[in-house]
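Chain naming follows the written order as A, B, C, D, E and F, and within any one chain the residues start at number 1.
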């Protein structure tokens, strides 16, 4: 029988998911999302123009760009700002590219019109899973922002073709665990991040074992666990949107 | 009779001041401060070492450094991050230097021990007065962080010798107004930021008329208005600390 | 029946793999690897010290760092150098982090001693699959460099615990294809990079569908195809090493 | 009775002010100004275009930009160049923004036409008060450059609506002193820089007590002292211009 | 009688010159040139546009830009990449400017049309003389690239008005030596790089004695030695081109 | 008969050489040198430590580093500062490396002790020949600074083993001219900079024909002309030093 998790969860149990709309009122849509102690400000802003490379290459439609940052007080030891080091670190770049790809996978850029949807994810508190919380919250912020465009009749139909959420899974002391917190993530033998749509299609599967390698069976177990967690997250997203789109809050 | 203010305030009236402790739980002390729509996350983090220049120059005691940033979704048009432009703009540098000087003016660095107190001010929503809200909130975050050091017996007595707060005043269509919002600030003929201790001593007076010049009489009127607002802010700070230090929340 | 591939290969067929040892004689080990038209200089250099963070954190053993770059004349339109743009782009950072993790997965850092193994991958010609060719060639360069350490009696046994290779797979017009060339990669609906050891354990699975999503069945098909290609690559690596380690060439 | 000043001046006495026109003959106007040992090259150059942001925002008229730098041999210990550190320090940015605002306060940008007036202040020798000497000299360089535009009939009337000068004042061992030299400035309890027009209107008041705080009475005393010094500086500026504009030298 | 050279050459003897065409097939022309152990990838790429400054200044014709880089494994101790230091070092800038001037001296930019000829020289192995090998190889890569333009009828006649090559000479223990290798170069009292056309006209003469000075007689001796080596190099260039232009390989 | 020079000089005639000691009193030695309209502030500063690479490599003695910059108002069109472009341009790097090598050629670094001699050359007015004026003036500033060390008994004997000066020569409309001004330099077919010691030994010969090539005879003529100019400059340097070292001014 495996040792209990540091926060007493079952292996297949998500941390408590919290959602607060409107944390950044000047954004088109914003959400403060919590996966347990991990808390991320997710904001979506619409800019009525597209990047210059699209013009130059003659690409039609809109664009979505994501930026991710850890606020300096989000970690137990203060983390210096990117600007004070003069560059973005490799991990941040990987994460913001992942967020961007994940959101674009459910976005019909043609239907977005000549707009750029900026996704900003700023981590207020980091306890593992900041990238998966970012993607899950960013979808909600984007949906709220799109509603603003629809309500203002700037676009005719929603460019979002599905919802999207993400969760981490990992092998920790040989056991497959869902939604790793920092302590688990740090010592996991294998760590995977899975991004999936509300309809159950994969968007990204990234599985890595830096200290270790893993078998097909282990990968299958991890993906199965991720799927169950992602179905639960999709339900939470739907309930949140049902409440806030009805209420018109964003 | 002057035209009413855009938000119906009286000339000598502050915007509603809101305070929420513990917005960033991993910081030693944190506050979300609101001056009307302007909202700033103020966090204080203690790092148990001092900058290398202090060692090199043989300076004893601790240090306090402040950083200020506007989150990209804090303005009505999205503001690019510093890191994407590769440098901090001049306005940001001026503000973080001002915050640092203001806090150090009420801090006995000798009594801080070999610690650096990091002050981070991140603007969540910007509607004028972000630097004055930052200073006012940063003092509270610093006070909460100091309490942690005291409670942990890492320092024997508080290095804070007084409280500090800041407010803006300006001449708008010839009238002296307290605590300008963005619309007023943008068109003010003269803009002053005044930093003052709880005991009523000036820490900084910065008065500038980019489009205009101003007389001694106008300066006197502005300073008088600022003082009355700063007394009110000192009272609000005291009430907040009385509640949170008693409760032990930080 | 699917359309034939642009270079007439079968779906499960690798491009011709070419290997030339000693392309950079001043490196400890070097290989010019070709996956069809894609050609990458892979060099391994041993530096008898470790990064300063290891010292600071008290971590024992050695380290491996990888750098990746596309030479400006590797693409049909000249690609500006990183230095002329002043920064490394996100794709390059992702790739060099992937190469580093892949090699460290088969490296016992304790047995490396206080050495850093630098892996440099410079793309001479880019026709798809530059990251997978880089990993596959980097292993060979590393193995040759390790032999130098062994021959010089600087380490007692090889720190390499297994071999490692990588290959891309993708869905192109609905069909699963092995080892995509540039034309296929550009238009693939789903693109996966799979890193595997010689013993058949996964090191990394990265599967992404930017324009599209994918199902569990499709992922399974892609991974199966990748495994067969990776077995073939492991055999080619073994044959190359048998020849060059015997001959003592590096 | 207070201790005499390090250079034997009276509390309300300026250092010897020296002015040499034409130090940089290729500039439109230039002055080498001395406040005692502090010596600054002030040059004004006219560029017949305006910044791109003015075009984009549809702002009419001209612009004035100021840059400030300390030459590496201006201090007793050599000061590294900005470029060798890769960035401008915060103090430099504050100063060049102050110089720019001060000059623009007396400049009617509409009357300047589509020209940018560049103000460059390079400190040749630094003994306190470099920013106030810069502003005082920059006005003269600007006035000489404007005369060139008038003489060449490129503008119909001078866009300068008043003169401008600056001086520092401070509390040193409790006494209010005018025009602090380096030794005084370093140890002053309160330091203020006051910018004023020839007609006696304030342009900027910046008063700060980093180690200390100050009262309304002390501020009043400092401002009074500054005003008397600024009247004297305005007279010196007038005499210099009378001589050089008559003579046509610039 | 002088000591024999480290590699047993006569004082006036070049190292073995090796040439391999087509090392980088996606470039318009490419050569791997060897001066003994020094090996440089020289590639010429044609970009059908000119730098923006030419448009702005109304300059007609084409342009040639050269870039030079040492690959990290080209030296016995690994040399960090420019990008990891964030800037190009002074030596690299000097060399790439020299390569550019040398090639432009034999290029009629009017006849090049509105094209930029990019010259890239990447050092694979560095044993002295990398800049002279670069120039000598770059001419060949450029000639092959020009042939592509001629064959494609994009230009009517070759813009190359002469060939160009370069060699180093130096005083080593008082003796004039041709084509210094690294060991000789490091300890030479005087080091000169001479660039000359096939018709025997100088393009550049750069002679420097950092540790020492030199007389007119010594300069004359060095230049005489360089000329004989450059005649030999011109012959090798001609033979190479005769073979490859006839064969149509590039 | 050749056309007269733009400033009516004879072909072998230097421009008027002006020298003013003590332009930057906080430097250890300083000179404002003029070659006609070209004027350069040359300052030498002694820092009592050596670069860290000397310590690491175990190199004994002192060091000399040179920095060169054009002040923004030194040219007829304002030249942006290096820092506003974020990097030093290639020409500047070439020049400061040349100044450094030229001075080190006459400096016995062992006799300098553990000191760094900083040479700063800032161009106040640029009319051709700024690098040659810089070298010629830098020697004088260095000599004055060395005298300070000698007078303070910090070193026992002068580490300067000879004097050094520099001059430009060029072919302009086929005629060899000494000390080119900007107009001549811009259109010269061949441009050479020659650095020579007071005893008549070459330190550097840099001859380049970007638009053109040149023959041995032309090079000989240019070098002959340079030598005569350099003898004259050495005489002027001696006279200046005789006056100022005697007087004790620096």
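Keep this in mind: a residue touches a chain if its C-beta (ideal position, glycine included) is under 8 Å from a C-beta of that chain, and two chains touch if they have at least 3 such contacts.
Everything quoted here is computed from the prediction, not taken from an experiment.
Q: Could you give the fewest steps needed to travel from subunit D to subunit F through chains in contact?
A: Between subunit D and subunit F, the shortest chain-hopping route counts 1.
Q: Would you mind naming the chains that touch subunit A and likewise touch subunit D?
A: Of all the chains present, those in contact with both subunit A and subunit D are B.
Q: Moving only between chains that touch, what is the shortest number of steps from subunit C to subunit F?
A: The least step count works out to 2.
Q: Among the chains here, which has the CA centroid at the largest distance from subunit F's centroid?
A: A
Q: Fit subunit B onto subunit F over the CA trace and report the rotation angle, somewhere between 0 and 180 degrees, nearest 5.
A: 120
Q: Counting only Cα atoms for the centres, state how far subunit A is from subunit F in Å.
A: Here subunit A and subunit F have centroids separated by 60 Å.
Q: Centroid of subunit B to centroid of subunit C, CA atoms only: how many Å?
A: 52
Q: By the touch rule stated above, which residues of subunit B touch at least two different other chains?
A: Residue numbers touching two or more other chains: 87.
Q: So what shape is it, when you link every pair of chains that touch: line, ring, star, complete or other?
A: Its topology is that of a ring.
Q: If you start at subunit A and step next to subunit C, which chains follow, in turn, all the way round the ring?
A: Read from subunit A toward subunit C, the cyclic arrangement is A, C, E, F, D, B.
Q: Touching residues of subunit A toward subunit C in the complex: what are they?
A: Result: residues 87, 90, 93-94, 96-97, 101, 104-105, 162, 197, 201-216, 219, 223 of subunit A touch subunit C.
Q: For subunit A, which residues count as touching subunit B in their complex?
A: Per the touch definition, subunit A meets subunit B at residues 23-27, 30, 37, 41, 43, 45, 47, 67, 69, 71-78, 81-84, 86-88, 118, 120, 122, 124-126.
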